[in-house]
Every structure is written in C-alpha cells, then in structure tokens.
Amino acid sequence: MSWSRREFIQIGSVALGATSLALGGRRSLFGLDSPDVADPHTDGDRVVATLCELCFWKCGVLAHVQNGRVTKIVGNPAHPLSGGKLCPRGTGGIGLLYDPDRLKQPLIRRGDRGSQHYEAVSWEAALDHTAENLLKIKAKYGPEAVALFSHGFGGSFFKHLLNAYGSDNVGAPSYAQCRGGREVGFQLTFGAPVGSPEVLDLENCRAIALIGSHLGENMHNTQVQEFATALSRGAQLIVVDPRFSTAAGKAKHWLPIKPGTDIALLLAWIHVMLSENLYDHDYIAKYALGLEELKAHVADKTPEWAAVETGLSAGQIVDSIRLLAGARPAAMLHPGRHTAWYGDDAQRARAMAIVNALLGNYGRQGGFYLPTKLPVAKYPGVPAYATKPPPAPDKPKGVTYPFADESLAHGLRDASVPGTAAYDIKGWIVYGTNLMQALPEPKKTLAAIQHLDFLLAIDVLPAEITGFADVVLPEATYLERWDDVAVTPYKEPFVAIRQPVVPPMYGSKPGWWIARELSKRLGLETYFPWTDAGQMVEARLSAAGFDVAQVKKTGVFVAKHKPICLEEGLEPTFATPSKKIELFSQQLADAGFDPMPKYTPPEEPPEGQFRLLTGRTPTHTFGRTTNNRFLSQVYSENEVWLNARIAKERGLANGEMVSLVNQDGERAGPIRLKATQRIRPDCVFMVHGYGHESKGLHFARGRGGNDSKLMSRTKIDPLMGGTGMSVNFVRIEQVTP
Amino acid sequence: MTSPVHETVTTRLNPAIDPALHIWGWEITVYLFLGGLVAGLFILSALFELQKAKPSTSSGMRSVPLLALVLLSLGMGTLFLDLEYKAHVYRFYLAFRPSSPMSWGAWILLLVYPVGLLLWLGNLPAALQLPVLARPMAVAQRWRRPLLWLSVAMGVGLGLYTGLLLGTLSARIQWSSTVLGPLFLTSGISTGAALLLLLPLHADERKTLIRWDLVAIATELLLLALLLIGYASGSSAARMAGAVFMGGAWTASFWSLVVVVGLCVPLAMGLLEVRKHLPLIALTPVLVLIGGLSLRAILLASGQETGFRLLP
Amino acid sequence: MPHQLEKPLWNPYFAGILLGLVLIASYLVMGTGVGSSGAANRLAIGAAHWIAPTAVEQNGYFGPFVARGAPVLDDWLVWEVLGVFLGGALSAYAAGRMKLDILRGPRATTGKRIAFALTGGIIMGVAARLARGCTSGQALSGGAVLSAGSWIFMLAVFAGGYLVAPFVRRQWK
Amino acid sequence: MNLPLYPNEYFGRPFGMVVGTLTGVAFGFVLERAGFGRAPNLAAQFYGTDMRVFKVMFTGIATAAAGLGLLGGFGLVDLAQLTIPETFLWPQLIGGLLLGVGFIVAGYCPGTACVAAASGHVDGLITYVGVGLGTLVFGAFYPQLQAFYTGSNLGVVRLDLLLGVPFGVVAAGVVVMAVACFFGAEALERIFTRRNAEAQPIVARPFRNRAMAVMLALAVIAVVPAFATRSASASASASATAVKRATAIDATTLARQLAQDPSRLQVVDMRAQEACHQHRVPTATCRKDEKDDWPARLLPTRALVLYGDADLRQVPAELARFPGDVLILRGGFPAFQHAILDPPVAPTETTLANLTAYRAQSALHTHFTGQQAAPIVQRAPSTSPGPAAPAAKKGGGC
Amino acid sequence: MRNPRYVMLVDTRLCVGCKACVLACKSENNVPDGYCREWIVEDIWGEFPDLRAEIRSTRCNHCSNAPCVDACPTGASHFALGGVVLVDHDACTGCKACIASCPYDARYVHPDGYVDKCTFCLHRVARGELPACVTVCPTRTLHFGDANDPHSEVSALLRSREWKVDHPETGAEPNLYFLV
C-alpha cells in the first residue's frame, strides 16, 4: 500500500532524467557551493591545561580559549585520572564560568539573617568587616570558636588560614554525610581507608559486586572508565540495589534488595563463602585474624534466613556469591562511596570489607591496590602553626564516636547551639558547600545559624547558605584561578596543577587572594608569603624538583610506575593494631561494640508511605551544578521514582506533578513523578540537590524537589557519628491544579 | 496487553521535534488547502468550457482564473511564511531535484501562473481590454483550447502533488500511502466546486456543479475508506498510524469534522438539492470547505506524530 | 426551479416521543444526557483563554477548565452541540425552512430584537452556569433520570418565564 | 451486553466524542422538527397560545423516564452508572428562574438558539453568543458567587430513591401526570387561542390520542418490572431467614481473631467427641451428648463458631434458638488443621507477597502450636556444616 | 583506493547513558541552547523484578540511502566525504521536508533558520581526529571509522560482534550500528 520512495524516484528519473542530467545538479551549474565541512570553529587559539572542579575528582582538562572566551573544555590525554576522556560535567565547566547568576561583588548583610537583604560593597570593606568580626570572636571566645565548612580543592587555603588563626575545626559534609562509614569500616578491617580516588583496580577485575553503588550514574571519571573497561573485558557484574540502576541493567545478577537489609545479605554471603569453601584459604591464613569467630558468627546466617529478611531468593544469593568468589582474587565487592544510610553503616562496611578479605583481594591485581604518591612538601618556608587548638566540639556532651577520624560537619553545626558540646562555635566560614542542602535536618542548621556571631560565605554562586551569611565573598571559578598542587595517591604517582584559563570575571577574586588578604588583616601574613597562588605553586614544584615550565604546559607530571600490588611484588601491610586483617575486631570489642557486624532488621515504612532513597545523576554534582544551564539542557529537574504498579493502584500518572510529605510533615516538591518498573514497591528514589529556594539561582530555583528537607530525621552511626539518612519515610500527594 | 512492559526515555528535547514532531503548522495546512482548491478550480472551469466549447458568461466562471491565481498566491504566501530561512527562498529555483516532490511542486507552481494568466487574458472583461494587452490576448484566444487542456493537466498535477508531498515522506507512517495523492486531488475538486457554488453562476452551471461535487464527495468517502482499510490491513506500523483515527487522539476531529461535517452532511444536503429540487443555500459548500480544510489540518497534524518512534 | 412550500412541523407529541428516544439512546450509549449551554461555556472559555491566558487560568471558575493544557474544546458537549447545529440545519433544509433572517414579533424592531436576544442570552448564560445546565442539560436530561434538582429547575424555568412574560409582551405580540 | 456502553468501556473517549456529534445531529433534527427553531413558537408557550414547548418537553421526559425505568427494571441498563446531575437547591432554583427570564426575553433557550442559528435565524445565533458571554460574566463574578454557587449541595438526589419506590413507578407517575397535564394544556390553548382569535388547530386529535395511549402503555410496562423484581427480592429475603445468621468464616480469619481477641468468640466442635478430644481448634469446646442441654449454657454475647469434619451445611436444630451471631468454619476442622496447625511450608519463590503471607501464617502457627520459638521464620533445614543454630535470637521479627 | 564509508558503532553493553557525548557535541559544535544533535535512549523491558535494559547514545544515522537527501528540494542535504550526510546551510530554505522524511527525527531547525544535525564532526575527521563524542566517551562506548577499510577497528568490530541498526525496514541503510 505504501508509496515507495524508490518507485517515486524511478518515475521521477525516467520522466525528467534528461533534464536533470542537462542541469547537472545545482552544484556545478551555479557554483555557489560552500565548503563540504562546516567547521564550527570552537578550537581555541590558546589551550590551557588545568584541573576540573565540577566535582572533587580533579580530572585533567584542556580548556580552549578563543578571543578570551572559553569555547570548550576537553579531557587532558596526559592526565592519569581523565586520560583524555571526560564525564558530562567536565564539559559543562563553561556553564559555570558563564553562569549569569554568579556572585559578582562582595556583599554585606543589611537585614535579618535569611532575609536576603544585602548591600554590595568594596572588597576592602568586606574584608575589613570580616577580619574585625573574626578578631572579635578570637578575643571573646578564643580562636577555636570559629569553624570552617569546606568542600572542594580551593578550601585548602582557608583551612591553612584557619589553622594559622588557631582553630582546627574543619568539617566537610562529605565525611559524616557520605563516605565516613565506609572509611571507618575499612580502616578497622584493613588498617587503611578506601580513600579518594578509591584504591580499586577495577579494570583488571573479573567479577564486581555493587551494593547500592550506582556506577554510571555516579560518574567519577576514572572509576567509570575502569568499570567499562572491566565490562568490555567480560567481567561479571552483580548489583544489589532496590532500584534497577544503570549498572543493574548490565548485571548478570540484579538483587532488588529490601532497603536496610544489606547486612543480612552480606552475612549470608559470608556464610556461603565459608561453608562452601569459596574463600582464599592461604591468604586468610597468612594475613587475617578471627576466621573461627567469623565462622561461628555466621553459622546460622543461611541464605534461606537472609532470603526472608532481604526479600531476595536464596538461590539468587547463593548464585551471586558463587559467581563473585569464583573470580577471586580478581573479584571485588565495591565499597561504595555514599554510605550514610541506616546508622549501622560502619558495620555494614566492615561486613563488606570482610567479604573482600575472604576474596583475598586486598593488595592484589583486580582488587584493592596500594597507592603511591609523589613526595611534595607543603608550603616550603612557611612557619608552623603557632597554637595547638583543643579537639573539635563536634560530638554532643557525653557522647563519643570513638572511630570518627574526621570532624563531623553536622556535629560542628550542632555545637553552635550554646551548651550542647564541649565548647560553643560562634563563627562559621562556609567555603563552597551549601550547608542548607548538604546537611540533613535543615531546620537544625537554620537554628544553629541563629546562634552565630558571624557567618562568612565564600562561594561562586548564590546558594541558599549565602542568604544567611553576614558577609558573602565572590570567589573566582576554577577556570579563573590558581589552586594548590594536586598530589593524588593513585596507581601512578603524579602531580597536577590548576592554572587560570581566563582572568576572573566581574568582581570575583581567587581563593588564595581572599585568604591572603584576610591573613593580612588578622596579622597572619607570614603564613601567606606569596602574592598569588601561582608563585606558591611554582615554589612547591621547584622545591620538590620538578620542571615547572613543563608541568605548566602539560598540566601534569606522571612519574615512573611503582609496584602497587602483590602481583607486582609489593607485600601488603595492614595498619591495624594486630598488623593483620581483622575479621574479628578487638578494637570494636574493647570499645563495647559488636566485634563482628550484626544484623538488625530495619524499621518498616508505615502504611501508605515509602522509604526515601536518594542518589545522583551523571550530569550533575548535586546542588552545585543544578543552576548550570549548560548541563541542565540534558537533565533539568529531578523526578521521584515510584514503582509503576503502585502508581497505577494509586491513580498516579507517569509525569504528573506530586508533593512528597515525610513522617514529620516536611514537604518537598512539586516534583515530577516517574512511574517505573525500575524500583521496588516499598521505596521511592530521587536525585539529590534539587528544589533550590535561593532567589539568586534564577535557573535552579523551584526546579524539582529538595530531598534534604525530607531528611528531618537521621540515625547516627554509633561508631563514627555518620548520619544515616535513608531512614525517612514519605507519602505522595497529588498536586491539584 | 500481553506484550511486556516497555519504558523508553530519551534526553532529546529539540523544539518542534519532541515530544512529538510538529514542524508544519497552519501555514502548510492553508497552503495544501488552497493548493487543492486552486487545482479544483482549474480543472472544473476548464472542463466546463471544454464541454460547452465556449467560454461561460457568468461572472463567477469568468473570474475563476484570476481568483485561482489570487488564492494560489495566498497559498504560496503562507508557504513562504513557513520557510525558516526566508531569504533563501530563491534556492528552490536554482535546482531541480527529481526525487523531491517539494521541488516538483515549486516548479509546477511556477508553470501554473502563466497558464492561469493567459486563461484570464483570453476572457478579459471589456473594461480591462487595454491596447497593451491586445497582442497577448490574441495569443491567449488563439491557443485557448490547448490552454484549457494544459489547465486541466496543471490542476491534476497540482492536486496530486499536494497529496504526494506528504505521501512520499515515508518516515511518517500515516502519510506513507498511495491514496493520499488521489484523496487530496478529489478533495481539491470538491472544495473547488464548493467555492464555485458560492460565486454568481448560471442556474445550469450550478446544477452541473452540484452533481460533480456530489460525485467528488462520494469518491472522497471511498478514498478515505480505502485509506483506513490500508492502515488496518497493513503492517503493525500502519495499524498504529491508523489507530489515531480509530480510537486515538484524532478520532473525534477526524470523524466529526471531516466525515460528518465535511462529507456526510453536505452529501445529504446535496442529494436533497438534486433529488427534491430544494433551493440551493450557501451552507452546503461552506461545510464542504470546512471539511476540506479540516482534512488537511488533521492529516498534517496527526501524520507528523506518526514517526517510527511509535514502534517499540 | 420549483419553490417548495415549508413542510409542516411535527406533531408535538410525536416530536416529544422521538426526543425521548434520542435521550434514551444517549443514556444507553454514553451514560449521560444531552446538553447545550456547556458548549457555549467551553467555547467562551476557549476564546477567552486564547485572548487572555493568564487571566483565565487564574480565575476560580475557569481555571480548572484550562489547567495544564486540559482540552477545553475537546469535550463531549462541544461535539454534541456541533451535531445539534448540523441536525438542525439538515432538518430545516429538508423541510424548506432554511432562511437567513431575524425572527421577531409583529411589533418589534430588528434592533430591539437583537438587543433582546443578546440580553436574554447573557441572562441565560449566567443562569445556566448557576444551575449547572440549561433546559437541555438540566431540565430535559436531568428530569428524565428523575433528579430532584432538575425538576426544581424545570419548574423554576416555567415560573420565571411566566412571571416576566407580561412585561415583554410587546416583543412577541 | 452491559448498558450504558461508554462507562463500561465498550469504546474509548475519542469515539465517545464522535457519538456525541451523532447524538447531537439527532437531537438537533428533532428539535428543529418540533418547531423549536423559531422564537415565536417558543414564546407562545408563555402566552398560552401554543403549549408546544411544554408538550414536547414533557413527552420527551416522560418517554425517556419510562423507557429508562423499563430497561433498568429488567436489568438491561445499570441506572447507577448514568450521570445524574447533583442537586444544588438554591442555585438551581434561582438559576431556573433566571433562565426562564432569559428564555422569554430572548425567545430561545440555549439549545433551541443553536437550532435556530442552524436554520438561518440570526437572532438564534446572537442568543447563543449571549450565552457564551453570560458564562464570562459568571466567571468574572465568580469570587462573589462562589459561596452561593457551591452551597446547598444535596448530592445526587433521585426522586425514586427519595420516595423509596422503584424508578419505574416514579416514571409511570411522571407519564400519568404528563398525560393529565396535556389535557389541561390543550384546554388552556383553546381558551387563549379563542381569545386571540387564532383559529388554527394545533394538534391533530387522533394522533394526540394515539400518542397518549402509547405513553400510558409505556407507563404500565415501566411499572411491571419494578414489581417483578420486588417480589423476587422479597422471596429471596424470606428464604434467607432460615439460614439467616450462619455466615462462613475461613480458617485464617478465625485464627487471627482468636489470637487477637479470644473473648469475642466461642468455638464449638460439632464432631464426634473422640475426635474432638484428640485434636480440636484451640479454645473450642466439644459437643456434649444429646441429653446435655449445652446450648443453653452458651453465652449470647459472644459470636458462636461451629465446625465439623467438613463444611457444616446448616446450623443444627438445637442451636436455632441461639440469639447471637453464628459463624461456620469453612472447610471444617481439616481446613483449620491445614492452614494453622500444620507447619507452614516456606514459599519456593520469595516474592514480597509470598513472604508477607508466609510470615503471617507462621506467626499464627507459632501462636497456636507453640512449636516455633522464632516468632515468624520457619528455617529451612540448614545447609551449613556448623552446629545447629542457637535458638533464634537474631534475625526474626519485623 | 576505495571511497571511505564512515560509520559509528555504539556498544550498548558499555553505554551508561551519562550524556557526556551529548554535551561534548554541544560544545564542540556550538549547538544552540535547548537543541541537541545527539541524545540518549534508555529502553527498559519487562516488569519488576524481571527487567532488561538497553542504553544507547544515538544521533543521525548518516544513511547510505538517505531519505532526507531525496526529500530536499534544493540539494542542501547532500552526501559528503565518506557518505556523511551534511546540510549546506547556505542552500537550505528551511522547508523542513527533510525533517519530516527522517525516520529517526534526527534533524532540527537551527534558530538561524537552516536545518541542522550531526555531521559526524567531519571537520575533525577531515584533519584526522575522531568525532567529539567518540573522544569524550568515558566508557569507550563509541567507535568511529571507515567500514570500507577491512583493517579498521570498526570493520573488525562489525565482523566480530553481534549488531543491529534502528528501523532497518525503512530501507535507508543507516550507518549507525548498535553492538549488542
């Protein structure tokens, strides 16, 4: 029936073939041709090698500049972390640089905190005002009453400033709110944290198990590259996730586990490994302690038992661990990154570490490698800090989290409410982290801010936190400034530098300049001897003996490869008290905790409510990039995922706008509903970092839903104080037109 | 409902392409409608004269060539409005691409003008018979009969082309049907007759036109049935494309506006006119014109949405 | 052309029975009765929305009709009234009653007739919204399914008509 | 076939719209033929000279009501699925009065204005435009009108339900009333026509009589099914009294109720005494021999649960006088034995639903048998080489 | 020497749908805001918990028998080096017939008035580089090369791996292959 184009052409050709031949086509006849290849001319007249800062991973990039404008950002092939490839965010640096909403001038607050009433002032005035307030706090409460909240590479200068000032209270939400549980669990077991970049030799791995880690949506460049390499080499994948994530779509086994029951699964896996002799006998005998205790501990943790707890089938549990263990030692249970889920996260990480120990993969090819790093001295010639500050007041009175090895950001926040901690925090310096979204329980954050004497925010964009600051200082973006020398522990030892691509736009200033100007006013300028960070970088590099010009040209120096695993002749060592892998942890037993991970069933969501799970999208680094118009072209607002069957039962349509209300009546949205088969019926999922309320974020404001608001409740990890956040339940309300 | 659940998500959001293709709007609808109408006018007026072997004396019939040219120019005007790169419109006439109906159409449109102009000149009202026009008029009158035949040919070409323009775009499953050309031609003839009926005509011309219009409407109904049968009996893609009229989004407007308003009711009224010799009223041709416009609008809008994206 | 005389009207009882059958058919097929003012309502809202979108969207009554791209014109009543128009036209034409004119009482002027028609229409527009239907949708359709409100409405219509009829007598008599 | 078609999803919304157009065509055709396309015809209603409007409308309503009553009475159409306008007392009363006013002023109601416009009468078109404008006026004053507009909502009030008689009966009443009114209307017509000296006979008498006969016949027929169904349901309820209070209860429900609130039930084992003594439903008492007057000792405040070897067909004669509720265990004792007393079998497929059911079942099993210390979980035989699991301390409950 | 036939291969086993290619394309080719020359499609089949997924990066198929080239009335859409389908901006009238003729809906109207689409980054290919999307892809999902060269990587992959194309029934002979 259908008219074939071919037939038409034939008819046409027969009828007018002669004519068209005579005309000979437009091209030759009229000679108005444009060149075949239209070049968009985005190659730069100048290319600068620098480091990305769309997330903290610090991939090497090449920025093309044409007529003083950055046209595109591509990967730096010489840099080990990018290898010339980039995640979507890396390309989007131009969206940050040319964001029309950027902070353009220093601001001093004129109205009440939160009223967002500001006056634009000169740098002089803003810095004087800041220094005056910091000196006032120092005089009244001592220097330790000032805390720094920091995220990102540029924070190092402010940490340096604060240390010189006399305080050691530096908190990053990335510890207690993200990877802390994992670090502690692995530290307790292997004597070393997993670190960042994670010390995982993914590319040589033959079988990978992910628990709640959604590589592919979580776009840490190098890791995803290695992950894909492993897959292309035929590595087997097991994904444990309540959601059918991107990774789950590529997995041999997808275990749609009931949220909060991971430890049950892990114990059952250990049970199978021990009972079926799937573990590495020699490795364990040589390097580990506590196998017998472990055997006893998991003796009754059968797959059938775990099946009931986890909602999985016993067969699937057994099959998946057999698959994983079959590939040992080039097999790993990925430790994940964001692990602050249920308040027992350090213990879950312990269980994961134990599985890895049984696989015998620590210090082995295709497992956990032992990273190397170049020796580069910190600020040569700068005097040592004058005062030794007291320990951080980040734990409430009478509570110790004995294994917390970094300051708890939420703890510092809570210490700002007078009388709750060892001493009160009176001043905050907030660098590049939007505490209103980065910390759970935002109401507590608001309350804490009201007790402060002074709040300084240093940022690129007017995130919510800047609306509460007394002084807001506009920092230059990473494309406009020098930063410290990046010395990253990795498979290859290397250093890399960040250098300015274009001069700072508007009235923004580089972080070093801001820190140094403040140091002058605080009487600390001996700690900042270089006029700009470029000089500092040169001084550090030349002190370590590098060819500065070469590093500036290529952006990176990679040293010769050193052995990083047993296969390459490096004997693994363990920094635990016993100098062995501690399957049974005497440290935990001594501190009064379970020496081996114990399973406690999670709280069930009440009728009509769903457990709220959060995650990320590959195109965004949470709230930091949601105002990035370039990146938002492919993902501009988050959605809430709900099982399609449940949605249908409740008369909710895919794509309709809904509100989320949590167990405490906190509300987020309106947010678009994604009714999908890809999630369990008992939970909902959304990407973190949306639902901005700051008036200055003209693009991001009001887009999507803010999950932080729904986290009005946390479960604190008793080992290290991490805030388990997947303990909130929400119900879904239709938004009536 | 036994097919497995299928979810598909795309990140593409190009304006006018996503979520559903909508590149051609009212401009092309009007253009296709007027193109068909003009084709009908050309064919009908020429056939009339050929049948009678002498030019009509009614002012309606005499004004047809000029009217047709004016309407065609209007149509080309809307076509021009639709062009996204208006300054490049001359490019149509720097090339002839035999595989592109659009190219054929551009050239046909250019040929229609002189034919129409000569037809008009050959039958110019006395008031306008200026001395300057004497020579061309003489030519036009001498070649009148061949011109009329050419006019019919041009009309058929134009009418078919408006349908084939869509019909050859096989990526739009709904349009990819051989019926579309004849359908648009028939509809053009029927709307042309309807427009003529609204002009001052002699009673016998009117009578003949009504009969011709009825035949055209009946044929159009038949062709529409063929079109739908074609969808229903075609591949799964064709069935999906046809489904927009059989319970899909365009069902109501298609059946009500095209079939009932534009075809069935005028057919009934026309039959009454012919059989019961009821006095003629303007409503019948107006409904036919509404139906013709709706047919173009609906096929154009719904067809664009029936790309291969429909398929799993 | 022979000019035919108008066909006589149907006997009211016969027309009524047919009307009842149409109504039954509508209920049996669609589960709902017929209507008429609803289409005018939607057409007016559609037109107003086209002219002043925000004002209409923010209006408490109109808002839901146009909320989130709701198909304000793609509604059963709109199509049905289109059919009423066609049916009326067909019938009038077949009966030889189709004629372009303005009907008025023997003593009313054309201008006055138009003013009255418009005023009456506006009053009915308001009334029909208030009562959620007109003589077709409320009285006829609702009455047939024995809705109490419809019967009240119907009696009120006759009452209103008879009350005012003496005052506008000049228009009609 | 289930009527009405559309609500029972015989076709989708789009075709519904097409049906709308076709219905409209028929409606418009009839209205025009009834003479509703001409304002003078309509206005005459209010001057008593031509009761056409009244006659057509009432005949239509009466026919439709009787027809629907008839079809509904025989169960051919589900009256509950028909869209029935809600009653808003005051808005409809005031709205009706206003509409009447508009009617006589304009000479049309909205529907007839449409028909008038279709037959070329410009005044009809103007009226219809006015209706649209009126809508906008209403919208403009909506904030002021809202309270009144949404007030006095009585919900769906159907006269038949209000009066408590079948639809058909009310419909028949409507018909009879209509016929009576027609005679009155015609009498009025004669009076007014005479006064106005218009001598045209408005209705041909023979047809009027026939039409009224048809309607009356319809009325009679409409009533019939109403009575037919009534008597049927009456006889059904009469026979129900014999086994009135013996409702069935399944084993799991019984077990759950016994576990949660044992004081509301009393269970009697109707099997032979030996069998009862061996195994019975926990808390059940065994039936005593014939001489014992055990039924008298039953507590009338508790529901009585009976069970036998299999389904008990009916309540035993000796319990006929028991005043409270009587429940019969479905499937008798074997059902209870199977569902509760036998250890539950772990599901082979661990879906969420399976597990939930399994947990509930094992909880009941544990409750009644005490055989499982673990509250819920039935452990499958351990595959581990280690020693038997220590008494279930971990795992378990949620 | 034979004419090259440029093809692109998308390894659906590796693609994570991160959209790096989409954004790299946008910045390389200066694609206006809100438009894209390539995009990601995620297909999920089945019902929880039995699901199957396929994610692929997709774009213009540069068909060997391109309907858009046939439909273009002015010759603006034409075959260029290696069979790559290009639009000559100066010859395009914006009539949009090519958009309607494309089974993949890969084209769009550039705000400047001409029809635009993927060029396989021919300006880069012409100087020996790979298209921007291929270069950036962190999972090495994308492969680009000359299918007429039997020694090329793409030829080897097409020989060794199972593949499919989108809508082969159109007869357009697409040159975008999906490795499965």
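Letters are used for the chains, namely A, B, C, D and E, taken in the order the chains are written, and counting of residues starts over at 1 for each.
Everything that follows uses one rule, which is that a residue touches a chain if its C-beta (ideal position, glycine included) is under 8 Å from a C-beta of that chain, and two chains touch if they have at least 3 such contacts.
In this text the structure is predicted, and so the values were computed from the model without any measurement.
**Student:** What are the chains that subunit B and subunit E both touch?
**Tutor:** Looking at subunit E and subunit B together, the chains touching each of them are A.
**Student:** Count how many hops through touching chains it takes, at the least, to reach subunit E starting from subunit D.
**Tutor:** 2
**Student:** With contacts counted as defined, which of the two, B-C or C-D, has more C-beta pairs across the interface?
**Tutor:** C-D
**Student:** Using CA atom averages as chain centres, what separation in Å is found between subunit A and subunit B?
**Tutor:** 61
**Student:** Nearest whole angstrom, what separates the Cα centre of subunit C from the Cα centre of subunit E?
**Tutor:** 57
**Student:** Indicate the whole-number Å distance between the mean C-alpha point of subunit A and the mean C-alpha point of subunit C.
**Tutor:** Result: the chain centres lie 65 Å from each other.
**Student:** Got the subunit B residues that touch at least 2 other chains?
**Tutor:** Touching at least two other chains: 5, 7, 11, 94-95, 97, 99, 101, 168, 170, 252, 256, 260, 281.
**Student:** Find every residue in subunit E that makes contact with two or more other chains and list them.
**Tutor:** In subunit E, 17, 19, 22, 34, 36, 40, 44, 46-47, 67, 70, 74-75, 90-91 touch at least two other chains.
**Student:** Residues of subunit C touching 2+ other chains?
**Tutor:** Where subunit C meets two or more other chains at a single residue, that happens at 74, 79, 82-83, 86, 89-90, 93, 98.
**Student:** Can you check the complex and tell me which residues of subunit A touch subunit B?
**Tutor:** Per the stated touch rule, the residues are 1-5, 8-9, 12-13, 15-17, 19-20, 23, 25-26, 29-30, 32, 634-635, 644, 676-678.
**Student:** How about subunit D: which of its residues touch subunit B in the complex?
**Tutor:** Per the touch definition, subunit D meets subunit B at residues 11-12, 14-18, 20-22, 25, 120.
**Student:** Taking the complex as given, what residues does subunit C use to touch subunit D?
**Tutor:** 9-37, 40-41, 43-45, 47-48, 59-62, 74-93, 95, 97-105, 113-114, 116-165, 168-169, 171-173
**Student:** Give the list of subunit C residues in touch with subunit B in this complex.
**Tutor:** Listed in rising order, the residues are 1-4, 74, 79, 82-83, 86, 89-90, 93-94, 96, 98.
**Student:** Within their complex, state which residues of subunit E touch subunit A.
**Tutor:** By the definition above, subunit E touches subunit A via 11, 13-14, 16-20, 22-24, 26-30, 33-34, 36, 40, 44, 46-49, 51-55, 67, 70, 74-75, 80-81, 86, 88-91, 119, 122-123, 126, 132, 135-141, 171.
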